[in-house]
Amino acid sequence: MTKKIRAGLWGFGRAGKAVAGELLAHQDFDLQWVIKKHPPRTIRYASQAFHREEDKAPVYCEKDLSSDFYKNFPVDIIIDFSDAGSYKRYAEAVQSGIKIISAISNLSEPALATLKLHAQHTAILYSPNITVGINFLMIASSLFQKIVPHADIEIVEEHFREKEDTSGTALKIAKSLGLDNHKHVNSIRVGGIVGKHEVIFGLKNQTIRLVHESINKAAFGQGAIFAAKWLIDQPAGFYTMEEILMERMRQQLSLMETHVAT
Amino acid sequence: MTKKIRAGLWGFGRAGKAVAGELLAHQDFDLQWVIKKHPPRTIRYASQAFHREEDKAPVYCEKDLSSDFYKNFPVDIIIDFSDAGSYKRYAEAVQSGIKIISAISNLSEPALATLKLHAQHTAILYSPNITVGINFLMIASSLFQKIVPHADIEIVEEHFREKEDTSGTALKIAKSLGLDNHKHVNSIRVGGIVGKHEVIFGLKNQTIRLVHESINKAAFGQGAIFAAKWLIDQPAGFYTMEEILMERMRQQLSLMETHVAT
Amino acid sequence: MTKKIRAGLWGFGRAGKAVAGELLAHQDFDLQWVIKKHPPRTIRYASQAFHREEDKAPVYCEKDLSSDFYKNFPVDIIIDFSDAGSYKRYAEAVQSGIKIISAISNLSEPALATLKLHAQHTAILYSPNITVGINFLMIASSLFQKIVPHADIEIVEEHFREKEDTSGTALKIAKSLGLDNHKHVNSIRVGGIVGKHEVIFGLKNQTIRLVHESINKAAFGQGAIFAAKWLIDQPAGFYTMEEILMERMRQQLSLMETHVAT
Amino acid sequence: MTKKIRAGLWGFGRAGKAVAGELLAHQDFDLQWVIKKHPPRTIRYASQAFHREEDKAPVYCEKDLSSDFYKNFPVDIIIDFSDAGSYKRYAEAVQSGIKIISAISNLSEPALATLKLHAQHTAILYSPNITVGINFLMIASSLFQKIVPHADIEIVEEHFREKEDTSGTALKIAKSLGLDNHKHVNSIRVGGIVGKHEVIFGLKNQTIRLVHESINKAAFGQGAIFAAKWLIDQPAGFYTMEEILMERMRQQLSLMETHVAT
């Protein structure tokens, strides 16, 4: 029997809560605790948000992160869905040899530089779009562009009406395809659409569409689990979700055979 | 200046004609002739079907394929869009060292065996679905399945009302994904839809769709051109369109870097 | 200032709860109470399921429906999202002049007969698919079919993998279009898709698609609110959601002008 | 047996040619002649463009439209797919009592004023988007907007890369929905997409999409036939394709019954 991965979760907002739910439900993980910004009022255990019978994963707050926190409450990996400033509190976890997954959107350059410094001592994975689907979409789109460089490309992203900015994921796809996002990213804002990204490749005689639709935020939890299972076996270094997928794709491509009807 | 590829085309039905149009218009190709089943009546040159000013690419018929045809009318490559029995007439072209692209649907086992025998002497590529888009869709789908093996998969194919059988492309996708086509291929037959294939991957919290839409049959010509440019530099051997794409994908994946926002 | 509509809700499962949330949040409605099958254990007020500050809408159970329940806890309208047997408990509400919206799926013939009998005394609306979008889709599809009777039609419905039966909505659309559902309804079951219905009209030179995507069950609440606002002003009689929409469409069509660019 | 409708066609460009093909193939129509701008060189009969055995529908040019042209070559209806200035040559056809369908895009105000003057003497129908599908899409979208006025609406139109301007159809849809086209029309230009228009209605809990895809220009011919069959029985007056569809929708709505599962 393999040992479960002991995980700690930073952040208990909408995304963080969804991730906690996935970690609590997964047989390969043991969620040890959750860190909130402010002291918890009503919910003392993450499990209480999911109407589970036994209490699991006590909720602490940032102030509780004293110098011996990780000795008292050891984990193998920290999954961070908190906020843009959290990287400033990574040092002690790094010194304790804990691996870190940062799923924070739009990290600043100093933040990224800090992550890369820490990555000399432990395995750190950074992914602002930590779903398998979106990362696959991004890599598959890049591949198609490389193979058929004369294809026209447009990106359409659809989200709920209140979302003000262009989707960060769409911007990242545009960047990875070398497209001017002001010209080639089309944003649709209507009703309550959770999130849809479509990359359209137009050739003279055929059209290819790669489409990703989010159903709910638990997709982040699934992505974090996918990343954590991989990161747990890695040496110190700075990694991304894209790299994991690209590595898997390389492996699979070398194994795949063609399907001639014989 | 590179020398143009001298091509001969077998088959001048709807697909063949579209392929001829693409070859005539492409700067890297010189269409030498077209072979029809029966003697041509009205059209003496393939160019006449495209309202071009000068006469190009005379149209011959199967009977004209005498023993010295290829000496009198030499080509570098034959592109075959004719019919399931054409493979029986490959021997002389093979002996003349001509490379062959067969784009015939549903070749029989004896036909494939013959192709593979000939492939000991010249480069032969077989692809019943010779569009870049469909082959990319097929490989990308296989990759996603390998990376996320627990995803549910369904295939939807839409075509014009008169198309009776399940799309051969959909069957091939199903086979390459290990899916029972009776359960997982959904055929829509309405109006005049040229051809649409969609592979749907369903996860608990996200859906990924890979979609290919055909606009017209000239896509086959573009695919044949893509394949011919590659095959022209290959040694004797049996190849498929999938292999070309998989090779390209491997190359590109090894070159690609991840796009961390730094 | 208009008086609020006093509503009672039967059923507090997944759909019922979502409907309660919409009713509690709507300014034109005053949710008086909710009836569950069994006595409530943890939740005493519907509002508690939505983390609202003040307690609103006490939760009762079927046994509490004594002969003077409606005298003690009067409402203008009952919205029923409970179960297929609930119609047997309508008599006293009908005698009290309360209007009823039944959103129960697949009511039996005796149930429908009972509803129609009661409809001689009060206004009753029955709709197993009580969303504005689905009902619009259904009527618009019928209209297009009537105008272009030679169009080919196919229905595609997509739902989460666990949904076993063909979607009742898809069956109803098929029936209203006179289509054999065994031939023309295509069911896709993958991952966690909440619910998507697509009606495809194929003509020789064009394709028309009417598509409805559900984001979550609160759509039922919005539909019930739409229906209740209309029903509250109606005399005794048996009504359907389709009729409301058809009436609105007739009204609007008679008001609409064409948009010639002058 | 009903008498065939004798039609004359103005315009023999890409759209005009497609319309001629549909008229030649339709059992209820007898295409008498086609008028081109300049004298025909190669093609003397419209039928020659469709490889038909017998010669049908001689091709004349604008200069041939002498004062007694309609006496020598009488028709019941003129279908005009020529150009923005053609309205200046309507007077003699109007005096001969011939009905007119104008399918010219973006007619100027003076042109429309002239059409309306002529409409006092004969039946004239003007439609810049003469397909049943697009007009249905437009009216259905207006209806849905009227019924659910708080829905967010976006329009997406996709066309081949060379199409420079925003689709006139998309602009018309935007106008008919009261939307600022600079904000709510999204134009995708890639590859060879023939033409796709999508109206997206977003509500908090559901999304409705009305989609029209063009396969080829013969759709205009089908639309012209639909319009001509209707116009042939109308008295003098100015009509639009939208009006025909709205009238049909009103008729059908008054006949339709709801489908309660009894």
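The letters A, B, C and D name the chains in turn, as written, and every chain counts its residues from 1.
One rule holds in what follows: contacts are C-beta pairs under 8 Å (C-beta built on N, C-alpha and C of every residue); 3 or more make two chains touch, one makes a residue touch a chain.
All values derive from a computational prediction rather than experimental measurement.
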Could you compare the number of C-beta pairs in contact for B-D with that for A-D and name the larger? A-D
Taking the mean of the C-alpha atoms as each chain's centre, how many Å separate chain A from chain B? 39
Chain centre separation (chain B, chain D; CA means) in Å: 38
Can you compute the centre-to-centre distance for chain A and chain D, using the mean CA position of each chain? Integer Å is fine. 50
Counting only residues that touch at least two other chains, what does the list for chain B look like? 191-193, 201, 203-207, 215-216
Does the chain-touch network form a line, ring, star, complete graph or other? complete
Report the residues of chain A in contact with chain B in the complex, numbered from low to high. 106-107, 109, 112, 126, 128, 131-133, 136-137, 139-140, 142-144, 146-148, 172, 175-176, 201, 203-219, 221-222, 240, 242-243, 245-246, 248-250, 252-254, 256, 258-262
What residues of chain D sit close enough to touch chain B in their complex? 191-194, 215-216
Complex interface listing, chain B residues touching chain C: 151-154, 156, 158, 160-161, 186, 188-193, 200-207
